[in-house]
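Here it is: the structure, laid out below.
A, B, C, D and E label the chains in the order they appear, each numbered from 1.
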Amino acid sequence: GGGGGGGQSSSATPKVGLITKTETNPFFVKMKEGAQKSAQANGMELMTAAGKFDGDNASQITAIENMVAAGVKGILITPSDTKAIVPAIKKARDAGVLVIALDTPTEPQDATDALFATDNLKAGELIGQYAKAAMAGKPAKIATLDLAPGITVGQLRHDGFLKGYGIAEGDPSVVCSQDTRGDQAKGQTAMENCLQKAPDINLVYTINEPAALGAYTALKAKGREKDVLIVSVDGGCTGTKAVKSGEIAATSQQYPLKMAEDGVKAVSEFAKTGKKTSGYTDTGVTLITDKSVSGVEAKDTAFGLANCWG
Amino acid sequence: MEATLPRRLISTPVAGPLAALVLACAFFALRTDQFLTGPNFSLIIQQVMVVGTLAIGQTLIILTAGIDLSNGAIMAFGGIVMTKLAVDSGLPPVLAIVAGLAVCSGFGLVNGLLVTRISLPPFIVTLGMLNVVFALTHIYSNEQTVTDLPPVLTFLGQTFQVGQTNVTYGSLLTILLFLLFAYLLGSTAWGRHVYALGNSPEVARLTGIRTRRLTIGVYTLAGFVYGIAALLLVSRTGVGDPQAGQTDNLDSITAVVLGGTSLFGGRGLVIGTLVGALIVGVFRNGLQLMGVPSIYQTLITGILVILAVAVDQLSRRRNR
Amino acid sequence: MTTPVLQARGLVKRYGHVTALDGADFELMPGEVLAVIGDNGAGKTSLIKALTGALQPDTGEILLDGKPVRFRDPLEARRQGIETVYQDLAVAASLDIATNMFLGRELRKPGLLGSVFRMLDKKRMREESARHMAELKIGLRSLTQPVESLSGGQRQGVAVARAVAWATHVVVMDEPTAALGVKESGQVLDMIKRVRDGGTPVVLISHNMPHVFEIADRIHVQRLGRRVAQIKPGDHSMAEVVAIMTGALQVSEGKAVVADQGAAEAIGLS
Amino acid sequence: MEATLPRRLISTPVAGPLAALVLACAFFALRTDQFLTGPNFSLIIQQVMVVGTLAIGQTLIILTAGIDLSNGAIMAFGGIVMTKLAVDSGLPPVLAIVAGLAVCSGFGLVNGLLVTRISLPPFIVTLGMLNVVFALTHIYSNEQTVTDLPPVLTFLGQTFQVGQTNVTYGSLLTILLFLLFAYLLGSTAWGRHVYALGNSPEVARLTGIRTRRLTIGVYTLAGFVYGIAALLLVSRTGVGDPQAGQTDNLDSITAVVLGGTSLFGGRGLVIGTLVGALIVGVFRNGLQLMGVPSIYQTLITGILVILAVAVDQLSRRRNR
Amino acid sequence: MTTPVLQARGLVKRYGHVTALDGADFELMPGEVLAVIGDNGAGKTSLIKALTGALQPDTGEILLDGKPVRFRDPLEARRQGIETVYQDLAVAASLDIATNMFLGRELRKPGLLGSVFRMLDKKRMREESARHMAELKIGLRSLTQPVESLSGGQRQGVAVARAVAWATHVVVMDEPTAALGVKESGQVLDMIKRVRDGGTPVVLISHNMPHVFEIADRIHVQRLGRRVAQIKPGDHSMAEVVAIMTGALQVSEGKAVVADQGAAEAIGLS
């Protein structure tokens, strides 16, 4: 037999785990930083893990198991695969661990104790509405630079954008749709090809800001950057600066730091008092633009830069 | 004949990887209390069983001097087939499983046919197949994760008690599969032919081995094993997940190579692959238990993978 | 007239613009040792590869015991009891001697273990291999070494022992003694005689004229992709045979005539 | 000597891939108007230049019977080094570029040393290196994309006019690199030695080639080429992106193998790699222009990759 | 006493539990053809590999012109003008004949093209290779084929021609005629004589006793990993030499004495 009390950690500082979708997105890095600060403030030890790519369910399951084995009190997770992670979360909860989803809801949403997240459909809707107003009745030729098959945030934002713009999936004004995996280089290639196919594209929806910047570079190479509207989601500092300089027209800003801080606080609370948080906390989303349009509520880039992440 | 047991052990290609595994375990056992426990080992086995099983098929193919980039994708498709047929199409679960196994074997067969009939390089065939099967998975599943599985599909995720430790039936099946293939490769004519084929297809042909048929058989059997991996995956995650397995091709190759099998074919042992898979699982688990931040886990894993094989090389060199 | 055991007519094999076989004929009679000789590149290996299913000729036909056959692969020839030692040594480098000896016809354990579990009888294979190798008197320090760590001659010994152990109809050997020591070569020649005396005809490719003259009943001379002569060792001197092989002499109606005066003089024939 | 030009062309290993490329172009030209235009071809070259340049280094390593899984990661790190030094540390841009090239060469050197000094399999060395460099990139960059680059860093993204078409300097550089390496491999002693090494390290050693030094040189040179790829990437995207290059290792291997180079070493031409990279680029571009949905693009690309190499095989078989 | 050109004392080389060299001595005198003979596995190849830098002996020392040397790789031996034809044919399979002939010492174009651009002079290398191959009179249908498509003998010819073309100090050949035809073997023997007559000593490993007796000035007999005798062909008959090689006779003070009566009788010595 090896040593002490099995899964029961005897160490004094309670542990909290954070499992992100990937290692490579500044969004999640910011989240980790926030969690780290909050953990320190609450006298907790933070453990982190991440998937290898967006959609990597297996690594997230493994991370949950290992964290439970390490004796964490609670786990914060941004689920890569919203349905597939549910059984593993259930096991962790059955083992007495508090599980909170950040950024992305599980399906069903109550598979976790609580959710701190942006409303992604709304994030899409906001930029859709903005685009509609900014186009001011001009006939639109739209390119959508999406995430990848089967990842809910991508789908939700795409759907939200169409809804906000007031068109349905399959509308002929959408002339080009491409997956970018949220990657700048792939976003650029996608935009180049879309322009080759339909040179008169004048509105670009992008899943996130790296994709948007890739699209901008492609447009600039064609000398089209001035007359094409790019809208995006995220509100990272790089992206918000791009809004300020006019490369991106508008973006829906989200607040990962808040998600993480609130999440760690909730786990700390649970560790101390045994009280579990529950339900959905909308961490908010704000449309950021310097060229506001009437009918859509927005904040300027000064606000955006003050609140940006990354 | 003069070779005593320890001497033999040293000269088998598994000794190095095994030494690396033992070293890694010793290290983590010293650094964290939670590591050296029955439940934790049971967990590690659960965590490596899917990639480990894929790596069995990968071992077969690499022994023939091939490579399979499509195994993770085939597994994902198999998982979707099993779960969708059972849940959406209402097929009896056992039939759904059989259908999944058949589909996976079928993809393996196609790989084998392309490799032998048109003499295409396995890298290209399975790369193409990876894309094709990936797309089919997403088209067939319509991007939907399949949930609410009947218990038969998750049976392998159930546990039984060994002493104080819960072990899943899936872990047991994986271990049995490794033993089965160690037997097939080591103690049957078929196994000898696989090695001979990997040494040199021309030599194998000249000695009267039907190399095409053998190759096709190996790819098909590997496909079947991927089907079992699909079932293990489904039972472990409790869902049918179209996103699954995307990095498992490289992960399974890693397990094979860490286990001492040559990518040039004809040399290696499937038990080495088990050790290779466990090395990766132990690193991941141990580093996580030690609370190493995830990006440093990646960094250290990179170094450790190199070190593990270096231990192997250096131990062999001493033996020279 | 007796029917040849193995016969070929008009075999042609081209590789791009190199013609390896250019209408080659071939006849092996029952119970004989037939030597096939010829310069490097004359097409000897290509000829026997075509005869044993290792290579598909572009045109031409092959007859076994007078009946046309087509061997699509070496296995089909083997199934007819034709065993071959290929020049490029068909041994699997990472496998040991016993495994190589029994490759493609492994022995299984008796009883259920063998029939149901298909378990190899490694012990018996090792013992029998040891016996076969011992017959050839090839010095070996361990039977469990992979053959890649054997000396060139030892490796060749494995291939020869294997062919002799299994042949029932024809044995074909492509330069089997090329890498062998004097003693080991002698053993192989003795073994060839024993095989012949057991009634199995042998095809022997060799560049070693003393060996050829010691053992061959008949000689097939290959030149530029085809058979240019069939002779009996007794009818011609070694020097004459070499001259025929190099094209300095030609055989017409069983007699050698000078074809290339310069060449003939160069090799010391007058 | 008798071989006339067309005959020679048929027997070179590039003929098959080239045929596949031409077929693909013909197909897309018939199906969509926008395909067969100067600007579109200029675009395709821009899109493949980064992976294409990585694939030059990959070709060198594969010719020695190695493989490099770390090239995309090394490039990403190189890009971050160049941009961060120039922007954040205020180093003169040219020095920043030199530093980036040096760092990439350094990683190549380490790969080479591990492969030769401890005889580790290249697969494992570069897999480990992939993880290490990946982690270093994220640690060093702190996940920040570096923007506002000085013009020197994006110069290669500028264009010049050829007829009606704008061509980037980067495209030109890529083409020149391919020609340079075709020359080095085909017409210098060093190139011959690389092939000999790939054929058999033992033979190369016995003929008096310093195989270790040569191998280390090849990996280091490949690293340097990855540094150039980093510069091309930076100039193309206009930023330093820590997330870049993650699938480029497999993509570059694909280009090499599609180009007819054997993964077992010693056989192949770097010009084939260019053709291989273009095949992928043409498929992606053409399918997109035809308006094929993403997931079907994946499906079709999978099939086409297999077909492209099948064309090659069948054309060779006819030639036998 | 003249100093040996190449000399070795007490070379030992072990592979696991196989001892390939067991304290082997060796001496090559100026201007001689030294034949090294011995059974398969006697350690001949291991010996010459140790002498030419291809293998690092565990212990023992090597002297070149009386001075101790250590060749850490074959290149260092080569740099001293020692050229070797290895038994396992050091040719690069996918490269053509000319490339193989010049591998490791390629010719560059004259002028800037060569010095700055380091461009190979392919034409000259092809021409010179053709000349060297022609000297050996090995029949070749094309110089641009990869050597993997050559016949076994043709391939061996490439290796021999290369060694002879480059050697300035010592030529070592490990069974160079094993795969060669009669005519080609004769050419190689002639060439060896010419090399010797040019003043370069030659080490020849061969199992072909007629060849050895035809050409060797002295014979080194290797047995079980060490030298058991050094003899002159004139002093002993072929049968005696074979007997020494197989251990049936032992040489003491220059005379053969029977060591193993049974073995001696078995090979026909009384």
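A few notes on this one:
Methods note: contacts are C-beta pairs under 8 Å (C-beta built on N, C-alpha and C of every residue); 3 or more make two chains touch, one makes a residue touch a chain.
Not measured: the values here are computed from a predicted model.
With A-B and D-E as the two chain pairs, more C-beta contacts join A-B. A centroid comparison over C-alpha atoms places E as the chain most distant from chain B. Taking the mean of C-alpha positions as each chain's centre, the chain lying farthest from the centre of chain D is C. Chain centres here are Cα averages; for chain A and chain C they lie 72 Å apart.
Chain A and chain B have CA centres that are 33 Å apart. Inter-chain spacing, taken between the CA centroids of chain B and chain D, is 30 Å.
Each chain gets one centre point, the mean of its Cα atoms, and the points for chain D and chain E are 44 Å apart. Across the assembly, chain C contributes residues 15, 17, 88, 142 that each touch 2 or more other chains. Residues of chain D in contact with two or more other chains: 3, 134, 138, 295. Residue positions 23, 53, 149 of chain A each touch two or more of the other chains.
Of all the residues in chain E, the ones that touch chain C in their complex are 15, 17-18, 37-42, 45, 87-88, 138-142, 145, 149-154, 157, 175, 178-185, 207-210, 242, 245-246, 267. The residues of chain D lying in touch with chain A in their complex are 34, 39-40, 43, 46-47, 50, 134, 138, 142-145, 147, 157, 159, 233, 236-239, 241-244, 246, 284-285, 288-289, 291, 293-295. Taken in their complex, chain A has these residues touching chain D: 23-26, 29, 53, 146, 149, 176-179, 183-185, 188-190, 192-194, 196-197, 210, 213-214, 217, 221, 238, 241, 310. Every residue of chain C that touches chain B in the complex is listed here, in rising order: 54, 73-75, 78, 84, 86, 88, 90-95, 99, 103-106, 108, 118-120, 122, 142-144. The residues of chain B lying in touch with chain C in their complex are 1-3, 187-190, 192-193, 195-196, 199-200, 202-210, 266-267.
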